[in-house]
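Before anything else, here is the set of structures, which you'll find just below.
Okay, so chain A shows up in both of these, paired with chain B first and chain C after.
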Partner chain A sequence: MSEYIWLIPCFPAVGFLINGLLGKKLPKAVVSWVGCLSVFFSFVCSAVLFFELLRLAPEARIIEKDVFDWIVSGEFVTRVGFRIDPLSIVMCLVVSGVGFLIHVYSVGYMHDDPGYSRYFTYLNLFVFMMLILVTANNLLLMFVGWEGVGLCSYLLIGFWFEKDSASNAGKKAFIVNRIGDYGFLVGIFLLFVSLGTKGVWTLNFSELERNANLLSESLTALITLLFFIGATGKSAQIPLYVWLPDAMEGPTPVSALIHAATMVTAGVYMIARLNFLYSMAPEIMFIVALVGVLTAMFAASIGFAQYDIKRVLAYSTISQLGYMFVGVGVGAYAAGIFHLMTHAFFKALLFLGAGSVMHALAGELDMRKMGGLKKYLPTTHWTFLVACLAIAGIPGLSGFFSKDEILWKAFLFPHAGVLIYIIGLVTAGMTAFYMFRLLFNTFYGKERLDEEVKHHVHESPKVMTIPLIILAILSIVGGYVGIPHALGGGAHFEKFLEPVFRGVSQKADYHHSLVVEIGLMVLSVIVALIGIYVAYVYFLKKPDLSEKFVKKHEKLYKTVHNKYFVDEIYGFLFVDNLLRVGRFLKNVIDEAIIDGIVNGLGYFMRGLGGILRFLQSGYVQAYAFSMIVGAIVVVGYLLVKVIP
Partner chain B sequence: MTGMPILSIIIFFPLVGAFLLLFIPRQRDFAIKSTALFFSVIEFFLSLPLFFLFDDTKKGMQFVEKRSWFPEWGINYFLGIDGISLLLILLTTFLTVLCVLCSWNDIKIKVKEYYVSFLFLETAMIGTLCALDLVLFYIFWELMLVPMYLLIGVWGGPRRIYAALKFFLYTMAGSVLMLLAIFVLYYLYFKEKGVFTFNVLELYHAHVPISLQYILFSAFALSFAIKVPMFPFHTWLPDAHTEAPTAGSVILAGVLLKMGTYGFLRFAIPLFPKAAFDAVPLISILAIIGIIYGAIVSMMQPDLKRLIAFSSVSHLGYVMLGMFAFNMQGVEGSIYQMLNHGISTGGLFLLVGMIYERRHTRMISDFGGLSSVMPVYAIFFMIVTLSSIALPGTNGFVGEFLILLGAFKAKKLYGILGATGVILGAVYMLWMFQRVMFGVIKHEENRQLKDLCGREVFILSCIVFFIVFMGVYPKVFFKKMDVTVHEFLNFVKERNAYYASTEDPQKLSSIIKLRGER
Partner chain C sequence: MDVKFPVDELILIAPEIILCGFGLLLLLIEVFLKTKSKSFLGILTLVSAGSALVFVLKLSSFSTDLFFGLYSLDSLGSLTKGLILVMLILVVIMSLRYVEREEVISGEYYPLLLFSTLGMMIMVSSKNLLTIFVGLELMSLSIYILVGLFRDNLKAAEASLKYFLLGAFASAFLVYGIALLYGSTGSLDIKGYLEVIAKGDTSTVLIIGVALIAVGFAFKIALVPFHMWTPDVYEGAPTSITAFMAAGVKSAAFVTFLRVFYTAFLPLIKQWGDILWLLAVITMSYANLTALVQQNIKRMLAYSSIAHAGYILVAFVTGEKILSSSIIYYLVAYTFMNVGAFSCVILMGRKGEENLDIDSYAGLSARHPFVAFCLTIFLLSLTGVPPLAGFMAKFYVFSTAIKAGYVWLAIIGVLNSVVAAYYYLRVIMYMYFRDPVKEIGRIDLSPSYILVSLICIFFLIYTGILPRELMLLAEGAVSVFF
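Coming up: the complex of A and B.
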């Protein structure tokens, strides 16, 4: 099997081609089967490889395979090659596993959409690109996946292209991502050229790792910073997070797969992949962690004041991604990836649950028009509840283990670790609050449904609820692979990933700080419970309290509700100015000045021609002829006089 | 095959076709079109063996033909190609077939003259790429102008006369300066070696005093820079493109602009290496301005063809930036980008032509929501757009990446500034795409638009095939130019060092070292 790791991304590519070329002519059932099975096969392949890896000794768990030469120019040689190691196989399993569930769910959700086959074509293309991203064995191929998933995101956000808001959101996502990619690209240049001047021309991860020590500290800092700019674009961190909330214009399963579970985690994966570089640049790691924790808190606060359930989830995703960056930023790569995985489960579940609610309510997204849905949508309700508990960090569910692992490692981080920890802890309470605000407003309390909608409310079909149930189970048990030593677990997840982060992971002394570790855990549980309780009081017990609060602090509330006006500020600073410059360059510089001179010269010549009218015949040939004659005269002059 | 004058055959075969067309009565439209198609297709297949017979391990020119023409003046009929011209010739024959096909229903008046001009143009273009004698080159170079002038001036849009005249005079002005420079060089070589020759391979070894080199390089460079076109000599291009018929725009963007960049590689740089190296900052900065300026001005254009024309200014900026990086990645990327630009910008003009034929407007604001009535068209348009913004996996990425890498390697700032085009490219292309294809249909006329017919699907499939193939497996093409580019770089670097040493004798040692390394 190890010879065939390229099969993992290959299956969805085949699905993409079949559905893309023939989809319109194929019956719907075939399209669905092709779409879902191709991803399922990738999952099976990944699982087989996973067990194959387990059989190997931990240090030997790297399978690399070059398939063909891609770009070869002078010293620059890049191959299309794949690499399977504990890190990439975890990503493969998450991407293909969660991806498969979401494909199945989509069969129900998108059933009546006229663009059914187009949808599955894009979705398969996305899985293909995502798998390229995580299995690539060099930076450039990774960049192919990196931009490729961006393309799919663009296509799927703008899936309903007749809606202006959708096509605007798609374009915004692509362009903001491109700004990040610019950093990524320059990072590749700098890395390649700096190592090259030391005699090593490569972009292959293993070779980079072996030779990373040739780089000076300041160069490494610059390189890692550039890559981090790329990560802030793809993984929606400050300052490039603005595209993700708008991305909710796409179909809801897309939000689940691309804008929550997989694509947006690519930045985290990339930093984990390049851990050997980041570990050489402690200042940049601090920046990563700081940006992460600030994003986490900032986005969570916006989540307080949104009514659109998908928008709340979008800000929640940004916030949770912030946690992952804290994880990798403080050097706890395994913890970051652990949270990436558990987040994929419960956030996909939340989005799919939201989709199920929309399905029931004919596309309604405003939680003010919901309430009391518990009795209509029992399965959706309990799975959603599980996900809320998981993301809030209630013990026993997956989110608890992964989030606490990150907070604990942040606490141990030598550079301002306690500060990062405190912000993270507060954010955890905020998370619990806004998630339960969402839960209570949607499923509990008074029914605020429109009369018309009320008659049609129905639970989703099995093809949608079964993926919900599976994801709910994963949201609970998914954390058990990584129970920390402090709680008597084996930290298997961390151990499995250890060979990848060999020698760079933060080493914590478990026994010394056992009391502290458990104490901090208890603290975060208390914070989460407080968050839930406040939400309970404000939105379920005494709903008028929240209304009063909003009235009292109207200005603050408006600011938060309008996302601190960041979109408006960016629009003013960048978009308007770019258009202004564009107008100026086009109208003034290009048309008036440059072309004006050219035409002016023409008119001048014509005026001259008016004087020398007798020479003017109006034939281009004559002009050309006289030019050549003139030229020969000048040459003759030069030959005789100028050149000795 | 060695005995066959294969290059001459390829050059003059279209001319034979043009000649035959003259004998077909002008009422017989279909016969004229099919004859033209027949000749362009056979021409394409004739050029294919070049690719397979070309020995990519050999240095120097191949398929060389040399016959004396005016021996007393040192003028020869001297042809030959290397890895650079090989690929451009193939691009020419390929695009000509598509151009004939896309003109099928587009051209309704003076059909015969149109195809005669087109085949004539093909001869001139291939001749320009094969000529190794400066006089022969100049003849072909000027010959290209005539049919292109006619294509714009006769079959063009409402402002065609203005555009054609502007195109003609602007390019002509540049060429005249080049002609002057050619004669000076010719005389100079005679003074030095006592022989008259226009053989460019021999002239490469002429010793040109440095101050004179600057003047001669400027003359050549100006002529080529107008053709490319480099900022600020670009304003003829939007007018020419907008007014030209679809096929004219395709061939203008696809091949004619490349004659400028090719001219730099074949003539301006190796003939005057010292001046070329000293001009690196100037040309690189103009190229970067072209990249950014072209992109921003493109963004503001209300007319689709003008928008694409300015995107060409931006893309050709990349080509110049890579070329003047003077390293493998930069130069190879630059050559690759020439091909890419031919494919993807050619594709964009074809696509615009197809909706122009249906709607007789090129204004972006007249469209909107086309995706829902023309889904097949939408797919092709999307793919070509992505190629134009250099998405990884398409041909555009390979070229742009190598160019920027090469530029970065040469001077970090150039790479950093040039790469901003990556963002701006996405901005103007996606915005255009959104306004044309997405949203609801605003104009009733657009509701009845027919999707692509079989002929159009075939044309665009050819384009898309190369977009993907050249993006995924570029090695096929790089192998052909590796040796040539390597040799080119060694030669110009060595010559540059030689000239530098004439200024400063101490630097002589550095040449000796450079020779030793090889």
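Coming up: the complex of A and C.
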């Protein structure tokens, strides 16, 4: 099977081609089957490979296969090649597995959309690009996937492009991502050149890893910082997170797949992939962890004051991505990837649940017009509840294990680890609060539905609820692969990933105390429960309390509700000024000066031609005369030249 | 001295003998032919050209002087002969339908094509100026008649007469130049001049001879200011003959020009290099500027062919023997794009109504997408857009100039091809973005035109993407200069 690694991304590519070229002519059923099965086949391939990897000795679990030479230039060769190792196989399983469930869900969700085949075309293209990203064995091919998923994200955010807000959101996502991509690309260039001048022209990961010691400390710091800028764009961290909330304009399954479970985690994956570089730059790792934890808290606080359920989930995603960056930033790469995986389960579930609610309420997103949906949408309700418990970090569910793993590792981090831990802990409480605020407002309490909507509230069809149930199960059991030693588990997940992070994982030589670890766990559970209780009191028991609170602190509330006016500040600082420069360039430099010169030259040349044509009189004697003149010039010139 | 005719060398000029024999045979058959249709003659012409081509290919590995040095066989000659014969075949295929459509009554059409081709072949495979002159005159005289073959057409008659008068005038220059050279060196063989010049024995008479020969060739390849006949003749001639002239006469004359100047007069490059530099610049600039304002597509293509001669001259003036392969490459690519373009021009016309103004092409893409597509390919190749052969040709020529240190000439050449893009793209713009302005009637999509277009398109794309094979052939051809 390892010969056929390329099959993994190949299937969705075929699906993309079939649906893209023929989709309009095929019946809907065929489009759905092609779309779903192509991703399912990828999942099967990944699973087969996964079990094959398990059979190998841990050190042998890195398989590389080059498919063909891509760019050959002198000594430098870049191949299209794939690399399967524990890290990429985990990503493959998550992407194709969760991706498949979301594809199935989409069959029900998008059923009546006129752009049905276009939707599946984009979605398959996305899975293809994402699989390229995670299986590439060199930075250049990875960048292809990186840009490819960016493109799909743009296409799918703006899927309903006839809506202004959707197409604007697409543009915003694309442009903000470009800023990050710029950093990423410059980082690749810098890495390539600085290794190249040392005699190693390569972008292949394993060769990079072998030769990373050739890089100087300051260069490594700069390169990793540039890569991190790329990660903040794709993974929506401060300061480039602003595009993700707007990205909710896309269809909800898209938000689940791209803007929660997979694409936005690409930055985390990239840092984990380049762990050998980051481990050489501890200052940058600290920056990564700090940015991560600050983003986590900042985004969570915005989540307090949003009424749009998808926006709450979007800020929650940003916040959880922050946790993952804390994980990789403190050197606990395995913990970061672990949280990436569990988050993919419960966040996809939350989004799909939100989609199910929207489906039932004819597209309603405002939680103030919901409430009491529990009895109408039983399956959606209980799966949503599971996801909320998981994200809040209630013991026994997946989120608890992964989040605690990160917090514990942060606590052990030598550079301001305790500070990061405390912020992370507080954020965990905040997370529990805003998630249960969402849950209570939506499914419990008084019904605030519009009369009109109330008549046809209905549970979603099976094709949508079954993925919900599967994801709910995964959200519960997904954490059991990584139960820490402290709780008597085997930490299998960490061990499985070890070959990739060999030699760079955090050494457990800090005062590793079982009591402290368990104590911290209990602490975080208590914080989470407090968050849930507060939410319960404010939104279920005494709903007027929250209204009073809002009235009392109106200014603060408005600030948070308006996302601290970050969009407005960015608009004022960057967008307006750039537009001004652009208009100047267009109106003055381009249209007046450059076009003027070009058009002027054009008219001049044509005019010249118009004059010259009169030489062509049609009289044969004139032609002969011109020949004579020419002959005299030629002969005369040669004579002058020869006879001094 | 006992001179014995070398009979066994005759087999080495089999292609020439075949063309000559078939030409005479066709003249005879034509008299006895009962039907009005000339297709039979056309088929026979194809047969003769095809078999001559086979012999050229078979003989292409030979390199020897024949008939006491009056004639010769070498790689440069073989490649050019092959090119000319392929061009002839393409023109004859177009003519199969074209001659029928225009109801040409005179049966001399095909024999004259054969004789003219024979002249070109003689011209390109001789190192003796007298033989070259004979070949050139055979080619020219046949074409004078072909241009005026539509006797009822005033423009054709006028073109024929003009071409004849000016051609005779140019031949006088050429033959006078040959005479002066003979007078000063006592030789007609171009290798003989080299010996004299190498001795440093450059008399004024010899220089004047060189200059006059240059003038003679400049007329045939239509360099400014010896180009004045070109637009009138190209416009007046039957379009198939225009294609034949644009591709064949130009290639044959250029190759001969190259052979004479690169074999014999290369030591004098300092003298003639400058003046040809000037001619190249004037030719490119004048032709391109004038082409900008042409409304008639045949006249536009005429000016375009003058401009292309200018581009080729850019490589010519460098005097780099190895790099002169770019000239051969250019001529081959140029032949195919021109024949292709003219085949589309023929397609557009009907009997007595040629639809040559650019307005006829407006909105063509909607009504005849295939024709529009073909013409677009040819025009893009003429413009020099990758991946077509026209681009590689321009690339080789200009890079030759740069490698040889003629940076300014290359810059002027590139700027000129920017100007040229305007009038080529204008036609494409008319075809694709304009609404039709006039009714041009039904287009005769005969397989004979389509076949020619497709062959040319295939060739342009193939050699544009994989230029290496042709370039190696061209390099082999110019190896005769060493």
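Criterion: the second predicted complex is superposed on the first by the 579 of 644 C-alpha atoms of A that agree within 3 Å, B and C clash if a C-alpha of one lies under 4 Å from a C-alpha of the other, contacts with A are read in each partner's own complex, and residues count from 1 in each chain.
Just so we're on the same page, a residue touches a chain if its C-beta (ideal position, glycine included) is under 8 Å from a C-beta of that chain, and two chains touch if they have at least 3 such contacts.
Predicted model, so just to flag it, every value in this text is computed and none were measured.
Undergrad: Applying the document's definition of touch, where does A:Phe76 land relative to chain B and chain C: first, second, both, or neither?
TA: First partner only, chain B.
Undergrad: Now for A:Phe68: first (chain B), second (chain C), both, or neither, which partner does it touch?
TA: Touch status of A:Phe68: first partner only.
Undergrad: Per the contact definition in the header, classify A:Met627: touching chain B only (first), chain C only (second), both, or neither.
TA: Touch status of A:Met627: both partners.
Undergrad: Going by the contact rule set out at the top, does A:Leu608 touch chain B (first), chain C (second), both, or neither?
TA: Second partner only, chain C.
Undergrad: Could you let me know whether more residues of chain A are touched by chain B or by chain C?
TA: After superposition, B is the partner touching more of chain A.
Undergrad: Taking the superposition on A as described, I'd like to know which of chain B and chain C A:Leu151 touches: first, second, both or neither.
TA: The answer is first: A:Leu151 touches chain B but not chain C.
Undergrad: Touching A:Asn213, do we find chain B (first), chain C (second), both, or neither?
TA: In the superposition, A:Asn213 contacts neither chain B nor chain C.
Undergrad: From the superposed pair, tell me which chain A residues show up as contacts to chain B and also as contacts to chain C.
TA: 602, 620, 623-624, 627, 630-631, 634-635, 638-639, 643
Undergrad: What does chain B use to touch chain A in their complex?
TA: The touching residues are 149, 165-166, 168-170, 172-173, 176, 179-180, 183-184, 187-188, 191, 212, 232, 234-236, 293, 296-297, 299-301, 327-329, 332-333, 369, 371-372, 386, 391-393, 398, 401-402, 404-405, 408-409, 412, 415-416, 419-420, 422-423, 426-427, 430-431, 434, 437-440, 472-475, 478, 482, 486.
Undergrad: Using the touch rule from the top, collect the residues of chain A that touch chain C in their complex.
TA: 602, 605-606, 608-610, 612-613, 615-616, 618, 620, 622-624, 626-627, 629-631, 633-635, 637-639, 641-643
Undergrad: Can you list the chain A residues touching chain B in their complex?
TA: The contact residues of chain A facing chain B are 68-76, 140, 143-144, 146-148, 151, 154, 158, 161-162, 164, 167-168, 171, 174-175, 178-179, 181-182, 185-186, 188-190, 192-193, 196, 578-579, 581-583, 585-586, 589-590, 594-595, 598, 602, 620, 623-624, 627-628, 630-632, 634-635, 638-639, 643.
Undergrad: Tell me, which parts of chain C touch chain A in their complex?
TA: Chain C residues touching chain A: 161-162, 165-166, 169-170, 173, 202, 204, 207-208, 210-212, 214-215, 218-219, 224-226, 228-229, 231-232, 270-272, 274-275, 279, 286, 289-294, 419, 422.
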